[in-house]
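Take a look at the structure set out below.
Which chain is which? They are A, B, C and D, in the order written, and residues in each are numbered from 1.
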């Protein structure tokens, strides 16, 4: 997916092992029951994520060897996500109905494929194309680590018992960091990945854009500010909203970020991967839709940055990473001056190909390009993005109404 | 639910143990994964069936003691099916999203409640009302044993792997039994349960009806006959169908009983609890809707019997039971001269209260009466009905389009 | 549709002219705009009713002559309602999109067909089959006169302007007639049409049924009583409702009969064919669903009668007709001791074939039989039923949730 | 909506009269029936367009006078389209149910408001704000002239009779113009409206963008080329399609542009405002979705231009206008070297605000900005765009799946 020289067998072996181990760590304490259901079409079972990330290595790395015979031919059908070129696949809304293979068989499948990839890397017998696909597979699995946690959170939230995935002490309230503004001067800028190191195909080609002067906030919008927005009638004033966003509000009862709930005493709580907890005012707001982020920005007399402005800002200052995924937390924390971490930041940009973009040849070319309509770009990273997966050129994308990702915003003006 | 004298502690203890043991037997070989998902709103997870049947004893038997404190208060909410008088309940379409409690906790819950009911029966300390509710609870659990198998079959069928629940040898083809006709003379007849032994409230009160002469077939319609119906254009001739049935056909691709599939060589297979298997011509047709049964009867120049005709027929001749639930088979078998067994038989009757029907007081009064609209009565029993649960007065009911129950038909003329 | 001797050319000519004239009268003051749209799938445009009733005569009477050539072949497709045997037809939900032919062309079509039928009747040149179809066509058109007014009411109600179809003076409040009870003794009874005079096929064959003693109320339930039901929490108590009815309530805001609205001062108004008006307490309640009627009866400690009980009652006493359709009113009026009129009365009976029922051969056999599932029988007649169309054996039918017909109830106990 | 000096009373009076007269001309031959129904939520009745364009003048021009009293207060509610700031409005999907006011009343309403605006213009007594709103109202009405024809075409197409709106002679086949390529050199470009003359707010502010070199085709893609795309399996190759477009195909039968139909002899016909006609190979393809346009471009080894590239191209060469709206044709024609006309051209750009965009204050600020998500920009003009409404900076927009507008494409590479 990149023009950079592929990494060495040794480098990739270490990366591969690290990534695979993290998936095991994240699912270690989940029961087979937790790993089986699908809570909505957009989400997938934990078990499916574990199998699909393995399938990716099997299909594109092991499968490149014409002599390779899959041990479970049905898995090719069951665990393909959306690669049309690979052939038919299990219908997405029915992923939660696949009870067999079970968790133990999926674990064995993981081990089996893993050992073969590991052995091939150790033996140094993969060509450059395969090496590049191993690297892509590692990033793919990291991406699914975040999806797995988002999907798990959504699933657990639907249980009245409000189960706990990560046991941890209560968060303490702390003052919200002041918000200052960083000036980003306009002019001709270069945007996109430069080909050094790994990137997805949608991050390139690097290209020139013309930007006007802009200022971006020093931190993400905080929960306390969102409470002010609510108290000021933010959800009842149509002039703040895009028409589709306002229309969606009229058909729904939700008048707060995803997972928030107002208790009988008026206090706000939110569902977290550690169960239901009070909303912490200083934390970045999370699980807001593009429509909500856009309305908030308008209410605040600001706007969302474009993705180009965001990238120009991110590269114009010393980069600060975190909070990223900590398996013992899996939740944002108050922070300031962060570049990549906490919550994904909605931009005002539609997810479209960069000038000159062309997907790579073959099935992996379906990775990104074919989703380039009616989605919105998010930049940054979140508290469930695995370390090493964050990049200033990273283009995350979701439909405007989505709220189950760890999504917030940073203001521009 | 009956006017019969309640049975003794001793009798019920034996029944209770037998019923509970059968549920354990049926779920013994199912993984937690198999027991968790819900394949459609009308179906429930296996785990839920196991918990709900236990909840019924806890709520109505143990809960009658004001000193009783539930160990898991949330279970009252999670495992209530539809009893409005008991309070709020988990939304039905989301039963598959409850991953906790898991299968082990549900098993512990079963043991816990079971021991308490068992002890109360052994100690002979339940009053007549509670004894009646233990008896009702046993029948309720038997009913859910059949539902559990229907729902499991539906779930497994959605997996391309077409998993096997019961390992067993292939069925052999055998000639279809000839069909003869039994004359049932008309006149004033008494219908409904007479109060001796257990019955659901909807089977009474016993009452008089006027019937005209009728003939019923000696056996259920067989798969081979259904293939003739298909071959004769049964699914393409609107004059055979009720308008709603024809309309439903136009919006669907299915042109055969539920689970049937025509293979590349033209042969029909069907999904069974032992995986996908060839359709056996001599077996009773199964998984047909009321619309299909009605259309078939019209094609055959006959009609469906009313439930009153059916009951008059069933009580006018020596009763023959079976095939009923055999955990090592869970599938109909060729049979003739059966009264109760094989497949449930659609009647032409709507599911309505008998003259003078009144539900019992309190929450258990919601058992049957409130479903009396837009459903159709089935009589008999099926190859997944547990022995002891069958009765000639039994009124099973489903919406006209349902096909996931083990439903077939017997002709009248 | 009957075994009675067909009526004479002379008789039918008079009936034909009377019926056709009434349709013209009812649509006389409606603009082309009023006659074009379709407000919901179940309703049809006025223009369509006018054309379809004409098509019926053309298709079944004129079309019987092999030499007949339709002037507008497309009309056969456009104005067929549901006769599969006649061929393809315009999709029902799209009836409001047919702007051409327009109202003037439909009027010309009416005249054209009418003159031919009239001439044939005058010349006495129709055989018995055709005469029977003319008679059926007249009853068919009467039935559509009521449908036309129901559908028009529904359409006009959707306009905020709340338009007036019939100008008339306000109704005055009057005391509600006292409700007494008529005893109907049980025993063997004969039910259904006896073949003397016209009836639809679904009213026969006449047959014996066994009835128990019952009492029916002397008048229909009144609006004032319904207000008490509302005030007593009738819409908030699940124990009064069938499960499907209660479920429907949870997904809707309506907590009163169709077209009712509570004004700012707490008073109830209702939309009528004379615009929005105060609810008159003494009038029979109208536009209630089967679910509402059933819940009300349970609340009142009574029940709905079966259709057999209703017919036994109706024929056991002097028959009183009215209020029926008065083009200058089109609205129920307070009344007592009425047999046929005011509002249709929901019974507890499902709409099913009588024993021995067989539809007539050919396309007109689709008139009734194919709708015999998941509908509920109503008996009596309403204030928009044209005089001459009412019969004690008449079986009207609607789905349980329907409220756009003029539907009320009479209690039994 | 512009920074240009408002036009004079005299200029605007002439424009106003011209625009209003064209609406009358377009609806002159339509019956009340034709003008009443709504064929889908996105479309509106002809009558509604006539009333809504009038309401715009009443609300924003006449209504600015505090002494103004609307003759029909309900019209404010009935004919508001989406202006939240103006107050409640009639639900969009129900526009076809408003039969009163009828066509004659709407015509009278038009005359009434028209005379008052006309008089105010003639008397020269409007301030600059009102003058600007008159100008906006004229453009608004022109926009609705095109919508009216699109919506009418959709409505008439749903009638099996396939009615004719414009009588005209058959089109003759002619050779398709050759396609050449125009080079547009990259660099810093200025895009957007410069404030001279009228423009919608979304066309500004004018701003700088950086473009790379590009070539655009000399003409729009023609029907003959689209037939090649179909013949080459264009609709069956997932690699050509965006994922959402491919998904939509799987749920639909359509495998050709909107209104196309393949006749029994294999020839393609299309529904036009002159009835069903053969597809003319040399005409630009029309009624394709963004997904189809994008897939075609990929198939052709090209791509869609961005809107910035399109505008740079359009202003880099002598502008050629037409075919635009000719009331005696209302259909595209073969053409080459056209800048603005024939069919709207899908671009690859999402509909987003230009840098620095801010809607005008007040209700008319809802004109454009609030629709800026999940829509796609089209440039150019079509054969139903009224002359005078076309601009090289014009930004038309529709959702990606829309096909009822006159939409085609021009290739870039």
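The rule we apply is simple: a residue touches a chain if its C-beta (ideal position, glycine included) is under 8 Å from a C-beta of that chain, and two chains touch if they have at least 3 such contacts.
By chain, with names taken from UniProt: A, B, C, D = Ergothioneine biosynthesis protein EgtB.
Here the structure is a predicted model, which is why all the values come from computation and not from measurement.
Q: Among all the other chains, which ones are in touch with both subunit A and subunit C?
A: B, D
Q: Measuring between Cα centroids, which chain is at the maximum distance from subunit B?
A: Of all the other chains, the one whose centre lies farthest from subunit B is D.
Q: With chain centres defined as C-alpha means, what is the inter-centre distance between subunit A and subunit B in Å?
A: The answer is 46 Å.
Q: Using CA atom averages as chain centres, what separation in Å is found between subunit B and subunit C?
A: 38
Q: Can you give the whole-Å distance between the Cα centres of subunit B and subunit D?
A: A distance of 58 Å separates the two centres.
Q: Which positions in subunit C touch two or more other chains at once?
A: Where subunit C is concerned, no single residue meets two or more other chains.
Q: Touching pairs of chains, all of them, please.
A: Every touching chain pair, ordered by label, is A-B, A-D, B-C, C-D.
Q: Enumerate the contact residues on subunit C facing subunit B in the complex.
A: The contact residues of subunit C facing subunit B are 82, 84-85, 188, 207-210, 212, 238-239, 241-246, 290-291, 294, 306, 348-350, 352-353, 355-356, 370-374, 376, 399-400.
Q: Under the touch definition given earlier, write down the residues of subunit A that touch subunit B in their complex.
A: 31-39, 47, 74, 77-78, 90, 94, 96-103, 155-156, 158-161, 163
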